[in-house]
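See below for the structure under consideration.
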Amino acid sequence: MSLDTVKNAESTPDQEQPYKELGLKDDEYARIREILGRRPTDAELAMYSVMWSEHCSYKSSKVHLKYFGETTTDEMREKMLAGIGENAGVVDIGDGWAITFKVESHNHPSYVEPYQGAATGVGGIVRDILAMGARPLAVMDPLRFGPADAPDTRRVLPGIVAGVGGYGNCLGLPNIGGEVVFDESYAGNPLVNALCVGAMRVEDLHLAHASGAGNKIILYGARTGLDGIGGVSVLASETFDDTAGKRKKLPSVQVGDPFTEKVLIECSLELFRQKLVVGIQDLGGAGLSCATSELASAGDGGMRVQLDRVPLRASGMTPAEVLSSESQERMCAVVRPEDVDAFMAVCAKWDVIATEIGEVTEGDRLVITWHDEVVVDVPPRTVAHEGPVYHRPIERPADQDALQADTPDRLPKPAREELLDLIKTMAASPNLASRQWVTQQYDRYVRGGTVLAQPADSGMIRIDEETHRGVALSTDCNGRYTKLDPYTGAKLALAEAYRNVATTGATPVAVTNCLNFGSPEDPAVMWQFEQAVKGLADGCAELGIPVTGGNVSFYNQTGATAILPTPVVGVLGVIDDVRRRIPTGIGAEAGETLLLLGETHEEFGGSEWAHVVHGHLGGLPPEVDLAREKLLAEVLVAGSRDGMLSAAHDLAEGGLAQALVETCLIGETGARVFLEGDLFTELFSESAGRVLVAVPRTEELRFTDMCTARGLPWRKVGVVDPESQALEVQGLGELSLAELREAWEGTLPALFD
Amino acid sequence: MKVGVITFPGTLDDVDAARAVRYAGGEAVSLWHADHDLKGVDAVIVPGGFSYGDYLRCGAIARFAPVMQEVVEAANKGMPVLGICNGFQILCEAHLLPGALIRNHKLHFVCRDQWLKVENNETAWTTRYDKGAEVLVPLKSGEGGYQADDETLKELEGEGRVVFRYVGDNPNGSRNGIAGITSANGRVVGLMPHPEHAIDALTGPTDDGLGMFLSLLDAVVSA
Amino acid sequence: MARVVVDVMPKPEILDPQGQAVANALPRLGFDGIASVRQGKHFELEVADDVDDATLAKIAETFLANPVIEDWVVRRVDA
Amino acid sequence: MARVVVDVMPKPEILDPQGQAVANALPRLGFDGIASVRQGKHFELEVADDVDDATLAKIAETFLANPVIEDWVVRRVDA
């Protein structure tokens, strides 16, 4: 086997290279040759091809994502310590605490191998948070699957759930929320998004950069193997003889080792505490290619790496393979020479393998050697940041008008005497049924800081045991709304996550997102994408909270059919005293009144009712009024601070009926409800901007006066009835909590046990 | 009162065990798996988590850690020892308690609030409870099914060494619904559920678990 | 170097939820005629030539298996 | 009734955290000379005499093993 060195590349300019198989276009390959002034070596080609992939370079989305920056004002930026461009966004939440959080996708690997795909998805996002210098504190998992009763969902869902749990539980990170959504469009392409949130003292923020010539580059954590480098195997087949070629059946699947990651976390935090780290970068997608080029281009010099020093798990790996390996549970640190011994000692204490693989140099090149031969010599920015940028064609889908014109008005509405049964049918439908089958597999208690977890509108953790300061997080997206109108749909996703956070008593302060879409080469998908980004950014500007980071996942489709556009939005909120949290279930106080905040209109476009009862998707999504959402949030936060609310639950899919069922079942307490007007609309409409609150009778006047004074519409809709053990809707009849529980909790176990 | 809390690589609930000790008025002393001494503590908690990833068998690798040799020696001399979840598994592997814990009968990890019946309130860790009382604490484990042969089981039941039993449907297939047991002298207790996560209704389902740490305080003070 | 295989199985009288789950699932998948399934662990070790049988027995008994609930078999195999 | 054994192992190029944990622990327990350990699963099936090899192969491939990350061997053994 011959090594493709830079020297070799210079002397063999015409050697054919499999750049197409590696996903590079003709002009991209030409551009690489132009940058280098020669053909790239195998190792360089491996680096460029993976770093210039859609996943790493954001080549189709970049021009649109810029809009987030353009719409973020200085005022919105005030509390933001790090934003788009860093591993994860960082927000100052007061008392000297900084919070970092981010959501990422691991969709495709999770379809191939559900358990490991989901597990390594969690592992990856946790390392992103760690790389900011923070202690990871909790995870969430927004998931999307094909129809609940499809045979393949039976394969995929249990594996993904077990993988999320298997990894997160073993890391000791409480799972405080997420989503489980079923829709036909995800049948061949489930979505596994994973969010992690961490905390640090403001002064401990670590940013990824390699500065200071002479500083050492240390790779620590797991050994590097042949994981996840399926693509690069085309290089191997060129340079390997037949016998070796056989070994090169490279897996595209990575296997996670959460134990190694747990130790890596504790080891890293100890390194941070002892101030032994100048810069740090996690190894995720694109492995060392990404870590070395990103560290080098963010620093003030060049970098030299002795790649043959990387501890390997497999024999006979080529430089291209070592650079491309996506072996999990690895980190790369920049360390002052005088700190190297201390660094190694901490790693030894934790039994973590650590190897000095290079150093920061004067100059501006990233030079990588393999047994003293130069195999990479590139300007690092061209790898990490100066990839191709595409202005993909954009076109509003031809059938968008027809879709919007096909409103739910034509659907037969249920008769009055069918409504009670409909409440039960809806509660038992896969998208509204209890998620307990899933969440029971996740540890929500570990670390002892979980104040709210499933089932709750948002997850909440205590950050400071002395002051009781904490944060709340919610992720949301209704892909059907986004399909009907991507601009409004993205705003609705934001509005819901925002409302969920406020519903638990926290003040929303920042946003992250994971934009899951179909192929960017489809102009209709690009239109959805552009609209969604605009909607989200405009929405954030209206609410005055910044997007601090996110992730884009394209090519989510089965054949030519794209998934529902799914911009998952995560909102972070702050609460000064978690003891003031508002729970979801009623019955905490004797004598509570139920109030509905906000206004109900007849809005059934994209609704769960249209989906469950008629299999219909058409019309327009509910209207969104962000000024109203803001007011609603302020009222909820004030209500929490002044102890006026004993329970609150946000109205979303399934409308008021579903909110009532849930608040009763979670609180194990009955209620009597009196509604006016068209009962079907009252119960099942999905108008945005609404929250059901329970107010202790003694606080009722004070609270409603506040709503009136501030101009927030409210209506008394019922009373809590601790005696009844039933949900009674006046004029319709009652449903016992036992039968509701059976309906709500029975669905997922029946499907997946 | 000083209570040691052991940390192995992969231990997770050590911060929580230490917090519970503090809530009860004790001083938590952190013990590292590679330590060869117990730093003069009056009692030891082996907390939950996934020591060494729980690869091979839960607790199988941790049992051989240097600090465990000290724990076994001290326990044999009567020091109170509490093993929670992974700690219970480790104590079984170390033969401080009989039996073993295997994969939950439905194969899933189970995290839920679990009612337990206090069957024995005479151990070093349970005197604050009434016999027969029911307490609500979190259970969170994937391998919590208690197994022992018939003879051992008869002995445990006969000597009143079952300390906690699951109330309602059996969450993990444990024989006789056993959630926790004690050594012959009542000083070593192991249980799968997590009393240290039920010390404050803000972050747990109840504060029912605090009783175990308060009981220990009594036991150490009166010893 | 010698290759050694150790098979560890739950004792017959001990519950085997994993084997049971497989046995229960097979008929649902259309596979009939499987009377019972038990699931255990299979270890493959590469050991230096001077590691004797007594040492291997010790490794299996004290570490790879838990004699309270498991049986085990140690075999040397030809590489 | 026939007895069938199926051994399922992580593919050689796939990370085996379990085997690795065992291998790392052995020297600490005072056992030297163990160069590598890999851990997999061992199934013992009792099958009716009319279950043929093709069916067994199918069961192993579709159910007992995960072909994406595991290799497997099916053996009939004498009872």
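Per-chain numbering from 1; labels A, B, C and D assigned in written order.
Please note the rule applied: a contact is a pair of C-beta atoms (placed from the backbone, for glycine too) under 8 Å apart; a residue touches a chain by one contact, two chains touch by 3 or more.
Model, not experiment: these values are computed from the prediction.
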item	value
Pair of chains joined by more contacts [C-beta pairs], A-D or B-D	A-D
Centre distance in Å when subunit C and subunit D are each reduced to the mean of their C-alpha atoms	9
For subunit A paired with subunit C, centre-to-centre distance based on mean C-alpha positions, whole Å	40
Whole-Å separation of chain centres (CA-atom averages), subunit B against subunit D	33
Centre-to-centre distance between subunit D and subunit A (centres being mean Cα positions), rounded to whole Å	36
Where subunit D touches two or more other chains, by residue	17, 20-22, 25, 29, 39
For subunit A, residues contacting two or more additional chains	257, 259-260, 351
Subunit B residues counted as touching two or more neighbouring chains	52-53, 55-56, 64, 106
Pairs of chains, among all present, that meet the touch criterion	A-B, A-D, B-C, B-D, C-D
Subunit D contact footprint on subunit A (complex, rising order)	112-113, 116, 222, 225-227, 247, 249-251, 253-255, 257, 259-260, 313-314, 327-328, 351
Complex interface listing, subunit C residues touching subunit D	1, 7-9, 19, 22, 25-26, 29, 31-48, 50-51, 55, 58-59, 62-64
Complex contact set, residues of subunit B against subunit D	52-53, 55-56, 61, 64
Contact set on subunit D toward subunit A in their complex	10-11, 13-17, 20-21, 24, 66, 68-69
Subunit B - residues contacting subunit C, complex	56-57, 60, 64, 92-93, 98-100, 102-107, 145, 147-149, 173
